[in-house]
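Shared chain: subunit A. Partners: subunit B in the first complex, subunit C in the second.
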Partner chain A sequence: MTDLLEPRAIGQALVRRDGEQKVRGTATYAYETPVEHPAFAHPVQATVARGRVTAMDTAAAEALDGVLVVLTPFDAERLASTDDAEFAVLQSPDVAFRGQLIGVVVAETSELARQAADSITVTYDEQPHDSELRSDRPDLYKPEKINPSYETDTEEGDVEAALRSAAVTVDHVYETQMLHNNPIEPHATTALWDPAADVPLTLWDSTQGVHPDRAAVSEVFGLEEEQVRVVCPYVGGGFGSKGTPHANVMLVTMAARALPGRPVKLALTRQQMFFLAGYRTPTIQRMQLGADRSGRLQAIALDVVEQTSKIKEFAEQTGVPTRMTYASPTRRTTHRLAALDVPIPSWMRAPGECPGMFGPEVALDELAEELGIDPVQLRIINEPDVDPETKQPWSSRHLVECLREGAQRFGWADRGPGRRREGDWFVGYGVASSVYPTMRQAQSTAAIRFEDGRYVTEIGAADLGTGAWTVLPQIAADALGVDVDDVEVRIGDTRYPIASVAGGSSGTNTWGSAITVAAREFRSKFGTDPQPGDEATGDVDQASSDEEHSAYAFGAQFAEVRVNADTGEIRLPRLLGVFAAGRIINPRTARSQLIGGMTMGMSMALHENSVFDTRIGQVANHDLAEYHITVNADVGSIEAHWLDEHDPYVNAMGSKGIGEIGITGTAAAVVNAVHHATGVRVRSLPVTLDKLLPGLP
Partner chain B sequence: MDAEITLRVDGEQHQLTVDTRTTLLDLMRERLGNTSPKKGCDHGQCGACTVLLDGERSLSCLALAVAHDGAEVTTADGLARDGELHPVQRAFLERDAFQCGYCTPGQICSAVGVLQEVDRGWPSHVTEDLTGDVELSRDEVSERMSGNLCRCGAYEHITPAVQDAGSAR
Partner chain C sequence: MKPFAYASPGNVAEAVRDAAAEPNSVFLAGGTNLVDHLKLGVATPDLVVDVRTLTSREITDLPDGGLRLGAASTNSEVAADRRVRERYPVLAQALLAGATGQLRNMATTGGNPLQRTRCVYFQDVTTPCNKREPGSGCSAVGGYTRYHAVLGTTAALPDPTAPETCIASHPSDMAVALAALDALVQVEGPDGARTIPFTELHRLPGDDPSKDTTLAHGELVTAIDLPALPAGTRSAYRKVRDRASYAFALVSVAAVVSGDGPENSSVRIALGGVAHKPWRATRAEEVLRGQQLTDDAVRAAMDAELAAAQPQPGEGGGNGFKIPLVARTAVATLRELTGGTR
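Right after this comes the complex of A and B.
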């Protein structure tokens, strides 16, 4: 049990502290850092999907007036650590996937750098590549663990026997597509190598964590962490793709080290991001459910197949939510990977939970139909008393309340079992559950110093648009018992105490806990009448923690879909979510996070699809004209509500993390609504009209 | 190849020698230090670089600087006059019509353009009555703002923010 902070600033819908800079465009993102006399870098990418670079003719590039540096695998510096193959840029002429970095040009202008990079002729020894994900591949393998460190497979009870004896079963394969994070700010860095300085390397990098970024770069280049400073006050979106550095950060660092004293800027182009900045693996999910006539699940089995790159493993934990969402006496989850000659997959908003709440939540809808039970009711019937996986009690769980309140707000009772037609449109309603674990990272420190009558709170946290600039002062104010205007929070710089990555929806929980400890230390040392310069620090590991409870946020999402009877055109006029995510620190920024997650979930359901051409080993639609994301006119009404949930076990704020839960379940709710509208069951995302037309009534 | 041009950006006059390959966007961001317009795709696909070019909303990544000798450019930063935010900017703050902020200056310039176009009675794909005034409905705003992508998914707040600013005129 934790004594929760008395909410005074917490719970206020404060306007973003960084809002004015953002609406004016004066917030400086990484590439925009004002520096003296910058040079500009442009990468060279492999144009074969596998093989070896045998020669690179850089003479034309080097002959251009204004070209400063040209680096290739044949002349680049040797890195101190090549343990992580993604970071081992220009260390070998081997090509492991199309688009891999094989060179860089630095020039006086960005136009010249690009021209010079384009003028380099590359000769390859091209090898056949293998980039097709199929669930019948004989070389699928079982990874040792799945992201970040979950068990690969789990099994409880005799699943096969339970399926055989179940009154009703569902057995289908569901597929989620390859997805690219595509933050609107491309991955970008301004890098300065000044060997004579106390801190020789400075990176203004677009990252979800300045400290993890620094740790990775210093290891790769054999520097002490104190020799590297990473600065990132603003991030133009990350959605996981800036949670770890990618090869571009190592490349620009290498380029800067080849040009001491000159700041070097590198921003990936939108097209390059499809090769280099991570993505969500496609998943193939065989889902089996068995239930008795009353709807009680007797067996749940999810067998997942997905891909990774041959040079670096990333195993998306797609089966994880199936381990704990619903009650069942028997259960199995497995993960198998195909290692392919493809770019390296990585984190994308709610890795695991996002694809993992697709197959199971659609299968449940299919089971509800088989049983003739309302899909909301079927979920309520299978509510578990304790965490089915760990057998621990819940810190708090209000999925049923979310389902009930959502149904009431949405008007679910009007749904009716059959198809409804209004003019040229079939109308349908669908529901799905949302879930996301409540996490707190092990390491983060906050410092609080009394300065000019204000409490200056420093922590190397990141604000990706999530609201940290605004929300952390609210927490500090309540932890110190002062007005929020008396608190100044500084984030986004390794000069501030160490902070964990903004990932796993853990930022506020982790940094806020460290701030709470620091505030307690500050008050116990200096009382309520501090002197200028008084300072105290606090570590998250000193915050009370709970090992006895299973902690998750839950939610329920409802979708209204309209499908044109003649064309199959799909519209989504209404999306409504109700969430139980602990205490909401700032309702204004929280609502934006939740509707933002739901909008991205809608985008996954209907629009996004990285079409991988296995003949050439690359995403064919690698730009924003061809890779569709939801646009303004696609969106109807999106409502996010939350329950006033009290949870004394998670942390001193009582908060659970809201950055990712909004994207979980959305696609299933949409697919279920499409089925209700049309009778067509789409088991492969995205739902496009070609999948509906043949089956329309 | 270089060319001489003059350009007025956010009220400030510039005499410049530009590489003829240089876009208006790169000129502002990499030469003039005005990073209010953002680069999201460099291909006119995302809208983050939207500015007001001679008063009209325009994608600065698709405009070659040399082709706009003598032009007047207003960025989102330039919309805020004498420290006072433009009504569209205030509405974006109040509605929390952004998260990461990277598409925001483009959204705001685009919204200012939308309001002007509606004032002139320009119809859009969703305008039903082509003879009367254009009503600043949700559908009208959504349609007209769809060239500006927002990956944080703030559309649900952007549309009413533009409507708020429009009705406050």
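Right after this comes the complex of A and C.
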């Protein structure tokens, strides 16, 4: 048990501290950092999917008045570390995927840099490429671990025997599509290399973690971490794609080092985002369920096939939620990868849980139909007493309560048998569960100093629109026992104590724990009447931790879908989620996060789809006109509710992460509602009208 | 982006003269399509002639009861005009189904019908495209064809290396309505003024996919005329797309129905998203002449219209779904217009 904070500021729906600056446009993002006399970089990208650059004719580019630097694999500086192939930019003429960085131009204006980059002619020795994911590929392999360090395969009991003897089975293949993160603010950096300065390299970079960013750049360029400063007060969205730096950060750093004293700016274009900023792998999920007549699961098996790039492995942990969501005496999860000539996949909101709650949650709906059991009830029947994977008790688990509360709020009882028609529209309801682990990172430090009558709290945390600027003061205030207005929190700079990445829904848990330790240390050292300059620090690893319980946030999502009887057009009048995610620190920012996740899940269900053209090895629809993201007109209301959950084990705030749980299960709820409306079962995302037309009257 | 010269002439005649004198010139009106293409390297003109303020922005009554839309009138203004909404709802609906409020405030009557295809390969200068770079081939064949043509193409899977191959579709919603309304295009050119029936403004790829229209170089659209419609005419535009707004049509149907009974009725149907040009469904119109506009009759007429349709295979299953989809959409649109039930 941990010593929970007495919530005073915690739980208040305070407005965002950075809201006014953002609304007024005075919050400066990475690319718009005011600097003296900036220069502008534009990348050169490979236009073949595999091969080798044999020559680059840069004469025309260099001849343009105002072009300052042109770098190619043949003349770029040699990096100190090329261990990470993604970061080893311009180190070799080899091309591993279409769109890979093969050069950069720096010029006096961004237009000129782009023109010069376009004028470079590249000669290739092109090799045949292979970029098609199929589950019958003979070269699928078993990765050593899956992201970040889970077991690749698990097995408990005799799954095959249980399936054979089960009264009812479901055995289908479900597919999730390739998806690309597209934060409004693209990946962007302003970089300054000033060799004479104490800190020679400064990066104003759009990142989910200034310290992890600094660590990566320092290693690649052979610098001490003290020689690098990363600054990032504001992020225009990240969703995981800025959780680790990508090649663009190394490219702009290299460009800046070639132009000492001049700040160099680089922002990826929207089109370039589809090659260089990571993406969610498509997944092929064979899902088998076996149950007895009462609906109790006897076997669960999920065999996942997905892709990675040949030069760097990223193994999405798609099977992980299947290991713990429902009870079953037998269970198997496996992951196999195809290493392809494709861009490098990476984190995208709820890697693992997001695609991994699609196949299983649709399969459960199919099982419910087979059994004639209500889908909400079927989930309740299979509620486990302890974590099926670790056999540990739950720190708190209220999935059943979420399902019941959601069903009641949604009006699930009116659902009826299906294929209900209102005028030109078929109407259907669907449900799915949500789950996301409660994680805390190992390293983060907060410093609290008494200054001008206020408590200044410094930690290198990141606010990617999530609310850290606002929420951390609430935690600090309650930990110090002062009014929230007496707390100033400073984040987003490596000059502040080290902080972990804003990822895995772990930010508030990790940083808030460090702040709580620092606050308690401050009070024990200086009492309640401190002197100006009094300062204390706290590390997250000094916070109470719990190894005895399994900690997850849970939720239930309900969707109402309308399908046009003539055209198959799909609309979503209602999406409703109820979550149990521990204590909610700030209801205003929390609601935004949950609704944002649900919207992104809906977008995955109905719209987003990176259509990979395997003939040329690139995403065909690589801009936001053709890569559709859900718009307001697609949906009526999206509601997020939560239970008043008290978790005494997770941390001093009693809070679980909420950044990602909202996107898990949503797509399954929508697909299940589409089936209820039309009788058409779509097992491959996204659900589009062409997949429904053959089943309409 | 390639640097270009910019001209801001004082009147239409000067603009036509400037543009005609430079073979690699383009007119700039709202810029909602051209500016993107300049950035992407899809358009690489040497001269941009700004005509935004040169043509009329007015919507005026014509003596025969029709309307003249000045080429500089914006999509927002035309869609909001009470005369357009009352007499030509198909046009107002088509305009409002297109793009976003911000884009409609910029896009013009003269420019909208001249927007170019959204074919992803046309827009990507790293891939071959006969429309962008004549003779380079067609990347769309066998690729991502969801938004591509099924009518007016020679075959499913035409030869991608042939210089005439192009399976692009025309993206404008407004143009589909104008085709159904038998609008007339007023043009000023180096050889003087002329009037082009709207249905003859756009062309099929033929042997030169780089040409979208029958306009000669230097010809500028100055106005579009909407002919008067018989009293009691009803019209509607139905657009089917992958999301509810800000998306191009998978298919669309513009329908105009005049007269009361089968004997004196006439129906005009134009289809969007299915061909290199706004597709006037003349075969379906013929079949329906003198017919009661029942679901079955419209379905049979559309079947006749679509008999020559060519589904294109491709990533995600190709675009064969458009053939039943456009037929179903036409049935639904005419059912709504005639107050019928299924």
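In this text, the second predicted complex is superposed on the first by the 696 of 697 C-alpha atoms of A that agree within 3 Å, B and C clash if a C-alpha of one lies under 4 Å from a C-alpha of the other, contacts with A are read in each partner's own complex, and residues count from 1 in each chain.
Assume a residue touches a chain if its C-beta (ideal position, glycine included) is under 8 Å from a C-beta of that chain, and two chains touch if they have at least 3 such contacts.
Just so it is clear, the structure is predicted and the values come from calculations on it, not from any experiment.
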Simultaneous placement of subunit C and subunit B on subunit A, clash or fit: fit
Which of subunit B and subunit C A:A633 touches, first, second, both or neither: both
First, second, both or neither for A:T599, with subunit B first and subunit C second: first
Contacts of A:E111 with subunit B and subunit C, given as first, second, both or neither: both
Superposed model, subunit A: greater residue contact from subunit B or subunit C: B
First, second, both or neither for A:G617, with subunit B first and subunit C second: neither
Touched partner set for A:A625, first subunit B, second subunit C, both or neither: both
First (subunit B), second (subunit C), both or neither touched by A:G582: neither
Contacts of A:V23 with subunit B and subunit C, given as first, second, both or neither: first
Shortest CA-CA distance in Å separating subunit B from subunit C in the superposed model: 5
Common interface residues of subunit A - those touching subunit B in one complex and subunit C in the other: 111, 115, 623, 625, 630-634
List of subunit A residues in touch with subunit B within their complex: 15-16, 18-29, 31-32, 34, 38, 40, 109-112, 115, 182-186, 234-237, 239, 267, 269-270, 464-467, 588-589, 591-593, 595-600, 603, 623-625, 629-635, 637-638
Of all residues in subunit A, those that touch subunit C in their complex: 47, 111, 114-115, 118, 271, 424, 566-569, 571, 606-607, 609, 611-616, 620-623, 625-626, 628, 630-634, 688-690, 693
Of all residues in subunit C, those that touch subunit A in their complex: 1-3, 40-41, 118, 120-121, 123-124, 126-127, 139, 142-144, 146-147, 240-248, 250, 315-317, 321, 324-325, 328-329, 331-332
Residue numbers on subunit B that touch subunit A, as the complex places them: 19, 21-22, 26, 29-30, 33, 35-43, 45-46, 48, 75-77, 79-80, 85, 89, 92-94, 96, 98-105, 108, 139, 141-143, 145-146, 148-159
